[in-house]
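The structure follows.
Going in written order, the chains are labelled A, B, C and D, and every chain counts its residues from 1.
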Amino acid sequence: MRVGVLTGGGDCPGLNAVIRGIVRKGVQEYGYEFTGFRDGWRGPLDDDTLRLDIPAVRGILPRGGTILGSSRTNPLKSEDGVRRIRETLAAHGVDALIVIGGEDTLGVAAQLSDTHGIPCVGVPKTIDNDLSATDYTFGFDTAVGIATEAIDRLHTTAESHMRVLVCEVMGRHAGWIALHSGLAGGANVILIPEQRFDVDQVCAWVTSRFKASYAPIVVVAEGAMPKDGDLVLKDGTLDSFGHVRLSGVGEWLAKEIERRTGKEARTTVLGHVQRGGTPSAFDRWLATRFGLHAIEAVRDGDYGTMVALRGTDIVRVPISEATAQLKTVRPELYDEAGVFFG
Amino acid sequence: MRVGVLTGGGDCPGLNAVIRGIVRKGVQEYGYEFTGFRDGWRGPLDDDTLRLDIPAVRGILPRGGTILGSSRTNPLKSEDGVRRIRETLAAHGVDALIVIGGEDTLGVAAQLSDTHGIPCVGVPKTIDNDLSATDYTFGFDTAVGIATEAIDRLHTTAESHMRVLVCEVMGRHAGWIALHSGLAGGANVILIPEQRFDVDQVCAWVTSRFKASYAPIVVVAEGAMPKDGDLVLKDGTLDSFGHVRLSGVGEWLAKEIERRTGKEARTTVLGHVQRGGTPSAFDRWLATRFGLHAIEAVRDGDYGTMVALRGTDIVRVPISEATAQLKTVRPELYDEAGVFFG
Amino acid sequence: MRVGVLTGGGDCPGLNAVIRGIVRKGVQEYGYEFTGFRDGWRGPLDDDTLRLDIPAVRGILPRGGTILGSSRTNPLKSEDGVRRIRETLAAHGVDALIVIGGEDTLGVAAQLSDTHGIPCVGVPKTIDNDLSATDYTFGFDTAVGIATEAIDRLHTTAESHMRVLVCEVMGRHAGWIALHSGLAGGANVILIPEQRFDVDQVCAWVTSRFKASYAPIVVVAEGAMPKDGDLVLKDGTLDSFGHVRLSGVGEWLAKEIERRTGKEARTTVLGHVQRGGTPSAFDRWLATRFGLHAIEAVRDGDYGTMVALRGTDIVRVPISEATAQLKTVRPELYDEAGVFFG
Amino acid sequence: MRVGVLTGGGDCPGLNAVIRGIVRKGVQEYGYEFTGFRDGWRGPLDDDTLRLDIPAVRGILPRGGTILGSSRTNPLKSEDGVRRIRETLAAHGVDALIVIGGEDTLGVAAQLSDTHGIPCVGVPKTIDNDLSATDYTFGFDTAVGIATEAIDRLHTTAESHMRVLVCEVMGRHAGWIALHSGLAGGANVILIPEQRFDVDQVCAWVTSRFKASYAPIVVVAEGAMPKDGDLVLKDGTLDSFGHVRLSGVGEWLAKEIERRTGKEARTTVLGHVQRGGTPSAFDRWLATRFGLHAIEAVRDGDYGTMVALRGTDIVRVPISEATAQLKTVRPELYDEAGVFFG
């Protein structure tokens, strides 16, 4: 039995731990051999492989990034993509593919598996934690930890200078990182993409915090949007969302707060720091277990499935179920955090 | 409505976050007032209280320990304990009690609530994560993180000197910290209290690691025990388990490994470092949510219950259910980790 | 003897450690009493004081910020500033003043001491480490540590996606933080305010790094400037330096690199995260010793002096010597780092 | 020109940074070639080498340990040691040797260089910071940082349970780690090998701390010794110093404190955790600069010298000067810290 492995999409701490888990168990318990494909779907598309055995996975558990490289290549966008993948797998004698990735990467795996009969097992990966069907994805805990540490540090500066400090964290479509790090860091306002925010309400919270002689920390997800559409159009800065992240919502919001409350406001944009570096213990544990269970699914011939965390158990779900819709922050969970606003 | 709060048992990062969550929500959303009791059950027993309001919980979220103090006092061991508690609660007009603690502390709460009609709501606390009925307890993730960081550091020393490094972590009756930190830290042997270990097997793993030109890390829970009973008696050092933790199983095992394999072995005992200091982001989030849901249970008059984590939800369970039996590491979970041994 | 203490200028980890050192030694060894002035020079100007005794300094050693508050108020800019300060000191019976601050705050202390006979002792404070007469200032090591950790994390993202990652760190006029964190983090390009950079040279280094199959990290001080003046004018973004920090040199440089090399480039601006939070062990040690020696200088009546670090010794120097000129990165030190560029 | 490099003695974070600095500058600026010797002096003795070029030093800057391995082998103890080293160097065409190590390893280098004409340049290495002629050695700052973090964590446990917590840190002959981490961590008692301690005095400090309603942290260097010789003999545990580190002075002292004050006391022994793992930013900067200057000394033919830190400058001193005597904590420096005792 020979198993191919690839990692697609954005960087995420824990990818190497998954790979190590797969290879250690596959080789030692099942006697499988492995082929690594480089840079996500580009690997099987272009027949770009690398050796993947026990020595190759030594020492990679605590290291961020992915030894396989990654890309956002979508093989279904090229006409002969499926054929080329099939040829590469055949050429290397690869019997099954373990695909570690997010919505896009897994979406391809689902289609290859369900429609084209290419045997795939999925491992969910999104630092934003916005994949359905799994309680958590690895990388998320690390990102929340880094953001929380940053918020901890911002508190003292806010207090010493009685300034508003806006901290922009990751989360284009889901506010999980903002919600968790905002709660853990003791933020006074948390803004998420799921609910458009009212700048005047934000300013009211900011002002009430100053009245209590404390300085506010505002945590805002990069994808959060103000309610007031006109304002956005008039201002224009917000048009560039996604393109010029650093002059994004955090910067814009700080200026609005300054303008409306007369208080000094500063922005910190954590950016890529949140997704690199050594994974947290939780993420190493989760990623390792995902790896162990993914290779078990291969052994069971349980293709088209994805490993997922439910409580403390690793289960298998259809890949398609996981990619069907985004897991966003439920309103009641956001409301729960509201007691700390202001 | 006036609510009493107490924290009992061992120190655990996140206790202050629970207290803050309770008070913030209780005061701001329900208009409740609070009485803090000092040092666990000693507080209501001796009528020792402290002010507990919004200013009292400011800034405590990231701080380890507990502003209420803690003790292992068991009021059911003194004949008039229940009466004295009842009197103290009456004297302060306390209508309900939120009890944050482990098996012992919650056991008292269950009995007071179920048998004596004193309205209690429980919040589970054990750094060892060995309480049933909840997926995780706060403090555990922090402890695992600290232990993992230590194991990360030990790796380089082990490799540079080709020595065995034994790392003794917390866990008297359950091996959760050893299992999670051992997996996350890439340990080569993990020993837990749930399964007696065979010293010769440990030595075989150690030796096989050296054969591959690497140096082994052995993670051992403080409550782990060797299979060979005679050996323990003969040696005698192990008799003192529980009493003299620092000359415990880690030290003993290192000596046995040296004696049987001829390789140098050193021990690190992490001790109290694992349970102090700032809580991890996960633990702050969990503890905060436990606090918010505990006060909600009080508002609902849902006494005799305890808040618990199930997946990503906070639910309520009978306190008695949680304290009925220890949550230990299931054999199949330990076996899963076995692929990394040796 | 009564001693006043104030902290002026920007936030800096270690300020509380200085205050604690002063008060502990002043009270316990010399029997002095203390008056804290709020918000830098604004305190003595507006007669805004706070209690400063042993209980007030308990537990503040590991905490960032300053319990005295800070401001950039310059009393010499108001006509009756000196008179008002003199009156406040007299009203409280303050015999001497310990002034903890940077160039501006200490400049006032020098003038008050030298020209107006108000007895001041200085403690140097600048997170940028750009004060002459002292080897290091506290806060700098913490900032370098935070920046280095961030650079560590950026490496894995850079490698996984083969992108240029630009990391903008503090340093308006001196490149110490960029130089130290860049060296410690293994940056491939370090740009400092002391030497205008050639964008084409930066691009050449970036390209050569990719040729070796690695992805480059560019560390740039916020005050670094490109050589090519025309370019700056044409682009226009750079005009806003100092005003709109987040759309500063880092962002500008990333765009230029993308445009000229065709490689994807992303920017991270660490901002205020670098100056908040708990001080490093080195900074706590240095700040504590500065405090102990400052109160010793008061006891010796050695006014007009400032404590300073020379090697491992704390010495005293005239305040005016320290503020006379900025301590910038010497060319040969920058050249030394050049071996790691590209 | 071909240069040999070896690392001897105990593990120390920063060793890899030195090696990288040497090789990067040697290859890129001077066109030198390198030979790595394995396991300290054992390498040249047994002709055990490894490839040392630019690829070999990639990515090692943040990694603890040493890619060259280490040992305590003393070649001067074997009769033909010098001859065998000379032969190995000749066989590989090695023109000069850079020796990275502590007192013992450098002592050999001094003798080889001064007596036997084997051209050596030294780089000082001791985690204990006890080498003369240099302000600091790399690794020390990392160890102090780890110990300080541990002490930070112990504070909350001490306070929550009103217990004495004894923290044993490294330092057999010099108390630098205890002094720096004790000061930085806010310890209430610091005990160092340079001054025998009076257990009754320690107990008096402990008791006075409890009287102020706080719980004490006692930081003790592993080599610290009580004044009372009889006591030590009577107790007997202390005989095993150096052999059974974990049942060392920390454990002994905790028991004595319990016995004499009636207060609960617990010990944490940090052990090898202090010397492994990623170096601090300061240590990476210092180690890198040591490497750059060591290869410069080779280029200058300045043999028999060692690089050293003086203030912020790297200078050269005779190796023999550095190894002539131990750098211990001066009494006045220890007295300075005394204000925080009790």
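One rule holds in what follows: a contact is a pair of C-beta atoms (placed from the backbone, for glycine too) under 8 Å apart; a residue touches a chain by one contact, two chains touch by 3 or more.
Predicted, not measured: the structure shown is a model, and the values here were computed from it.
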### Summary
Chains in contact with subunit B and also with subunit D, listed by label, are none
### Summary
At the largest C-alpha centroid distance from subunit A we find chain D
### Message
Just the number, please: Cα centre separation of subunit A and subunit C in whole Å.
### Response
34
### Query
Centre to centre, by mean C-alpha position, how many angstrom separate subunit A and subunit D?
41
### Rounded Å distance between subunit C and subunit D, as computed from the means of their C-alpha atoms
30
### Where subunit A touches two or more other chains at once, by residue number
152
### Query
Graph of touching chains, which shape: line, ring, star, complete, other?
ring
### Message
Which pairs of chains touch each other in this structure?
### Response
A-B, A-C, B-D, C-D
### Task
Write out the stretch or stretches of subunit B touching subunit A in their complex.
24-25, 28-29, 58, 61-62, 135-136, 141, 144-145, 147-148, 152, 180-181, 183-186, 214, 278, 280-282, 284-285, 288-289, 292, 310-312, 336, 339-340
### Query
What residues on subunit A touch subunit C, complex-wise?
10-11, 13, 15, 63-66, 69-70, 146, 149-150, 152-162, 165, 244, 246-247, 250-251, 266-273, 275-277
